[in-house]
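Both of the next two complexes hold subunit A, though its partner changes from subunit B to subunit C.
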Partner chain A sequence: MTDSNYDEIMQLLCDRLSSLTNSSAQISPETNLISQLSIDSIKLLNLIMEVEDAFDISIPINALADVQTVRELVDLVHKIKSAS
Partner chain B sequence: MSSTITKLNAPLTQAFDFQPSSELQLIPTPTLNTLAQQLAGFDTLTSALEYAAEGVTGYNFYDARGNLRSILPYGLLRQNARITAQRLSGFNLPRGSRVAIVADTSPEFVELFFACRYAGLVPFAMPIPVNLGSHAIYVQQLRGMLESSQASIALANIDYIGFLEEAAAGVRHIAWVGTPAKLSELPILDVELKSNHPDETAYLQFTSGSTRTPRGVVITERALMCNLQGIVRNGLEIKPDDRSASWLPFYHDMGLVGLVLAPMVAQISVDYLATRDFAIRPLQWLRLISRNRCSVAFSQPFGLKLCTLRVRESDLKELDLSCWRAAGIGAEMIRPETLRNFAEKFASAGFDENAFLPCYGLAESTLAVTFSKIGRGCKSIQVDSKTLIDKRMAARLQADGRKQNEFVNCGRPLPGHIVKIVDENGQQLSEMMVGSVLVHGDSVMTGYYNNPEETNKALKSGNWLDTGDIGFLFEGDLFITGRRTDVIIVNGRNIRAQDIEELAEQQPEVRSREASAFGVNDEDGTTTIVLVIECRLTSVAERQSLIIRLQQLVYMAFGVNCVVELVPPHTLPRTSSGKLSRFAARQGYIQRTNLTGQLSFVESGDR
Partner chain C sequence: MNLLEKIDAAAAARKALLPNGVGAFGIPIEEVYSATEAKIGDRRVLLLGTNNYLGLTFAPECIQAAHEAIDKEGTGTTGSRMANGSYFGHRALEKEFADFYQCSSSIVFTTGYQANLGTISGLVGPGDTVLIDGDSHASIYDGCILSGADIIRFKHNDVADMEKRLRRLGSRVETTLVIAEGIYSMLGDQAPLAEIVKLKNQYGCILLLDEAHSLGVLGETGQGLVEKTGLLQEVDFITGTFSKSLCSIGGFCVSNHPQLEQLRYISHPYIFTASPSPATIASTRAALELLRKGSHLRKQLWNNCTQLYSALKEAGYVLGPDPGPVIAAVVDTPQQALLLWQQLLEHNIYVNLILPPAAPEGKSLVRCSVNAAHTEDQIRYVGDTFAKLYSVISSHS
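Coming up: the complex of A and B.
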C-alpha cells in the first residue's frame, strides 16, 4: 500500500463528508466528525456503506468507538484496506 | 402440497446471488421440523431447550453480504451449552450469581446464555459500542452494569474484550474476565447439571445506559415462560411452518426474548443478521425474509423507516414478501404513516399490509403486554385534538376539518394480564380517558436488581407495574398516546432524560440539579433532544466550549445530536421539593423558542 492510496482515501472521505453534511466549511484531517460536522447515526451509516463499497472492505463496529476526527477515520480505512 | 413443503424445507444458503464462491457449504436449519411442535408450556428455559434439541430446527447467522456464516441447531446448542455449563461449574459460584456477556449477534452469545442457565447462573446481555468516539463512555456504561449486577464473570468476544477488560479493572466481585475461547480452555467438570426452579431468576435485562444508576430488570423463569407462552400461542399463533428472520440486537428485550427465546420455545428456525449489517443495508433483511420464506419478523418503526428510505425501487423486483404473515411492530410509539409508507413501497414486492401486527410491551413486563389481532393489519382511530388536550379524553372525530390525532390500536393484553389507566392520584379512569398505563400479571418483573429506590417507583401496591407510558383503552384495546417526559425516543432508541442530565452534571461548570433534558417533536414526528443548562459562565469562548463539549458527550453516549441552551441561574422551574420539573422546563423552552404544534397533552409530568 503506497501513500497515494492514503491520499486517495482522504480525498474520497472529504468529498463524501462535504456532500453528506452540506457543509460549506473546509474539511481537513483534523475536522471533528461529531462536534464540527454533526454526523448523526443515519449519515454515519450512509458514509460507512459508501466507504465499504468504494474500497471493498468491512469496517468493524468496535473500531468506530475510537474514531472522532477525519484523520482517525482515514487511518482506520487505510489500516483495514492494507490488511485485506 | 409436496412442492410447497420442499420449498419451505429448503431455504437457500445465500440470501442473494452474487459471491457464489463461498468456501463454507453450510445448509441452514430447515423450516419444517421432525418433531411435533409444542407451543411453550415448559416450566423453565432449559426444559424448553431439552425438548427443542430433539428436532432439527435452530438458529442461522448470516454476514453482511448475505452469506450463511454459521448454524446452531437446537440440538447442538443444547450440547455446547451443557459442556460450557460444566466448565462454568469449576468456578464454584453460588446459584444465581450473575454473568455479564457482551451480546453481539453470534452463536457464542446464545451458547453462553444457555450455559449459564444450565449451570444455575443468571446471564445478562450487555450492549456493543455503536457510536463514533464512544470508547470512554462505553467503558463507563459497562462498568456501571458490572457494578450494579455484582457480576462474578464477564465475557466478550475478541472484538470487545479490550473494552470489557478496561471496564472490569478494579470492580469488586469479578472473579474472571475473558473470551469464549479462553473459557473453552477450562476443564469440563463431571458434575450433574441441576434443573432450575420456576421461581429462580432467569436473566437480567438492563434498560438504561446510565453510568450512575443502571437498572437491571429481574425476570424469573416463571415470568419468562408466561410471557413466551402468550407470545407464541396468543400473539403470533405460531404454526409448524413458521420461520423467523431478525436483525434486532440480542441486548434488547425484543431481540432476545422475542426473536431468540420465543422461536426456541416453539421449536422454529430463525435467520439472523447483525444489527449493524441491517442498519447499513436494510435490504439484506428483506432478502433473507424473501429467500428463506420467513413468516415472522419484528421491527421497531424506525427499522421500517430505514427500509422505506434506503431500499431502491430497482431492488423491489427481486423480493417476494408474500410469505411474511406477522410483521410485528413495537418498542416505540407507532405512527400510522410509517406503516403506510412501508406498505405502499413494498406492496409491489408482495408485502401484505394485513401482516402488520402492532404490539405494546416493555422489559419490565418481560417483553409483551398487548398484541393486536393477527392478520388484521394496523388499525387506528382518529380523535379530536382539542378534547384530547382540554379534557384529556379521546373523543372519536365526528366532523371533518377539526384538528385531529391518529393513534394505533395496540390490541389486548395477553391472557392472565390486565391493563388499566389511572390518573395522577392512581384512580382508575374509564374508557377513552387518557392517563398512565399500568400492567398486572405474571410477566411483570420482580424489581430492578439491587435497586429498591427505582423498584419502588415502578412497582405500585398490588404489584401493578407503572409503565411510564400514557394512553387510553377503547373497547378493551390499548392505544398509546405518548411517554412521560422521563424517556426520550430518538430513531428508535429509548434514552432516559436522567442519563443525559447526569452526563452534563459531570462537567465542572455544571452543578447538580441545574440540567434538564427533554425531547421536542417537529411536525413530521422527528424528535430532537434539548438540554437546558443553568450557567454562570460569562465568556463567550467558555460558553461555546461548554456547548460543544456537551453535544459531543451526548453524541458519544447515545449517538444523537442535541440542542444545548444555556440559561441564567434560577430559570429552570422546580417543584416544591426543589426537584427540577422536566415538563415545565420543556414548556418554558417551547415558549422561549416559539415552537408551535407541540403536543403537550401526551405527557403528565415526571415520575
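Coming up: the complex of A and C.
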C-alpha cells in the first residue's frame, strides 16, 4: 500500500510515537507498540484522540484490540479514514 | 512468553514501583474501630482512604436492620433473581430508589461495578456507539467493552471536545449513549452537566450519569449532581453504588424510560449473578432513609471537605479543581507519591496511593476521602501532617 494518505498516516504516527517514547530507537512499521516502545494503554488512548483530531475521524478504541505493531495501527487508521 | 510468564512480567513491573514490604494496595486492616479509625499493623490509624462519605458504616439503624434480615431470611439468596426469585426487600428497595429519583423504573444490581456493566451492556450493542469521558471509571470502560459497541472517548470534562466527537458521528448519534460521572473518583471534580445535557438535547443522543461518588454528597436530599444542578429530568439513566454513602454493597439504575425494565431479561451482569443478600438489602434501605434526611450529615461532610481542601492548598499541594469528599494531592513522580503515602501512614493516617497508569494523564496521586464522621480535630491533624510533609516530598526526586 503506497498511497499518499497511507504514507501521511505512517509519518504522523511515527513522529508522535517517537515523541511519546522519547526513544532514539528507529521506529519501523514492524515495531511492536507495547514490547518495543512500552506504550501503555493510557498513552495509546490519548494518541488515538490526537489521530482522530488530525484526520477528523472517529476511531473506536475497541478496534485497538487487534493492534500490536505500528503497521497494524496505520492500517486501522487508514481503513477508517478511507471509509469516512 | 507463555501465559504465566506474562503475569510474572506484570508482577515485576508492580514490584519495580513498590519496593519489597510496601503493601500500599490491599493493605491488611486488622480491626475496624469506627467510621474513622482502624488498626493497621500495630497502629491505630485515621481512615482517609475509604468512601464512607456520610460516615454511616456503624449507624445503629443499618446494623439493626441487617441483623433482623438475617434472622428472618437467612444469610444469602443462593442465586439469581431470575431463577431464585425477588425477595420483598429487593422489590422494596427498587421502589424506594424509583421514588427517591421520581422515576418510573429502577433495578438493583449486586455490585456497583455490575450496575454499570449491566446497564451499559443492556442499553447498547454492536453497531451502536458509546461516547465516554476519558477519565471514566473501569466499570464504565468494561461495560462498554462487554456491550460490543464502538467506544469513543472525549477529553475529561471538555465539552468542546465532546461536541467535536458527537459531530463526527453524523447520523450515528441516534444510537449513541453518552456517559459521564457526577464526581470523578481520581481528582474529585464534577461533570459540567448543564453543558453535557445541552449537547445531548441538541444532538438527540441518550445520556447516562454515574452518581457513584456524588450520591449522598450533592443536592439537598443527596440525589447527586442531578439535584445540585436541577437537571434530574434531563438525564436518561442514572446509575450508582451502595458501597460509598450507603455503606453496603450493590448498585442501581433508575430511569423514566420503561425500556429499563427489559434489562432484567437481557443484561447478563443482572441475570447471571446471585442477588444481594437480605442483610445487604436491609442495611441499604435503612441507609437510604438516613441519606435522604441527612442534610446535617452533608453539611458536616462539606465543612470537613472545605477545611481539608483549604489546608492542603495552603500547604502548597496541587489539588483537583473542586473541593469535595475526594481530595487528591497530585505529585510529580511515583516515588514522591509513595514517600508521602508511607510518611502519612507513619503518622497514623491511611490514604490511597494511585500510580500510573491508574491515575489520569500519567499523574501520581495521594488521595484522601473525607467523611461526615471525621471530627474537626481529626481533619486539622491530617491537614497539619500534610503541611509538615510538604517540604520532605518536594525535596525528594
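As a working rule, the second predicted complex is superposed on the first by the 82 of 84 C-alpha atoms of A that agree within 3 Å, B and C clash if a C-alpha of one lies under 4 Å from a C-alpha of the other, contacts with A are read in each partner's own complex, and residues count from 1 in each chain.
Basically, contacts are C-beta pairs under 8 Å (C-beta built on N, C-alpha and C of every residue); 3 or more make two chains touch, one makes a residue touch a chain.
Everything numeric here is computed off the predicted structure, so don't read it as measured data.
A.B. asks: More residues of subunit A are touched by which partner: subunit B or subunit C?
C.D. replies: Touching more residues of subunit A than the other partner does is B.
A.B. asks: Considering only touches as defined above, state whether A:I61 meets subunit B (first), subunit C (second), both or neither.
C.D. replies: Both partners.
A.B. asks: Contacts for A:I34 in the overlay, against subunit B (first) and subunit C (second): which applies, first, second, both or neither?
C.D. replies: Touch status of A:I34: first partner only.
A.B. asks: According to the stated criteria, A:L45 is in contact with first (subunit B), second (subunit C), both, or neither; which is it?
C.D. replies: After superposition on chain A, A:L45 lies in contact with both partners, subunit B and subunit C.
A.B. asks: Which of the two partners, first being subunit B and second being subunit C, lies in contact with A:S82: first, second, both, or neither?
C.D. replies: In the superposition, A:S82 contacts neither subunit B nor subunit C.
A.B. asks: Mind working out whether A:Q11 is in touch with subunit B, subunit C, both or neither, as first, second, both or neither?
C.D. replies: So A:Q11 meets neither subunit B nor subunit C here.
A.B. asks: Given the touch rule stated above, what does A:S19 touch, subunit B (first), subunit C (second), both, or neither?
C.D. replies: Touch partners of A:S19: none, neither subunit B nor subunit C.
A.B. asks: Could you list which residues of subunit A make contact with subunit B in one structure and with subunit C in the other?
C.D. replies: 40-42, 45, 48-49, 52, 58, 60-62
A.B. asks: Could you please specify the touching residues of subunit C with respect to subunit A in the complex?
C.D. replies: Subunit C residues touching subunit A: 129, 134, 144-145, 148-153, 155, 164-165, 168-169, 356-357, 360-362.
A.B. asks: Can you tell me which positions in subunit A touch subunit C when the two form their complex?
C.D. replies: 40-43, 45-46, 48-49, 52-53, 56-63
A.B. asks: Considering only the defined contacts, which subunit B positions touch subunit A in the complex?
C.D. replies: On the subunit B side, the touching residues are 64, 128-135, 138, 159-160, 163, 276, 279-281, 491, 548, 551-552, 555-556, 559-561.
A.B. asks: Which bits of subunit A are touching subunit B when the two form their complex?
C.D. replies: Residues in contact with subunit B: 32-35, 38-42, 44-45, 48-49, 52, 58, 60-62, 64-68.
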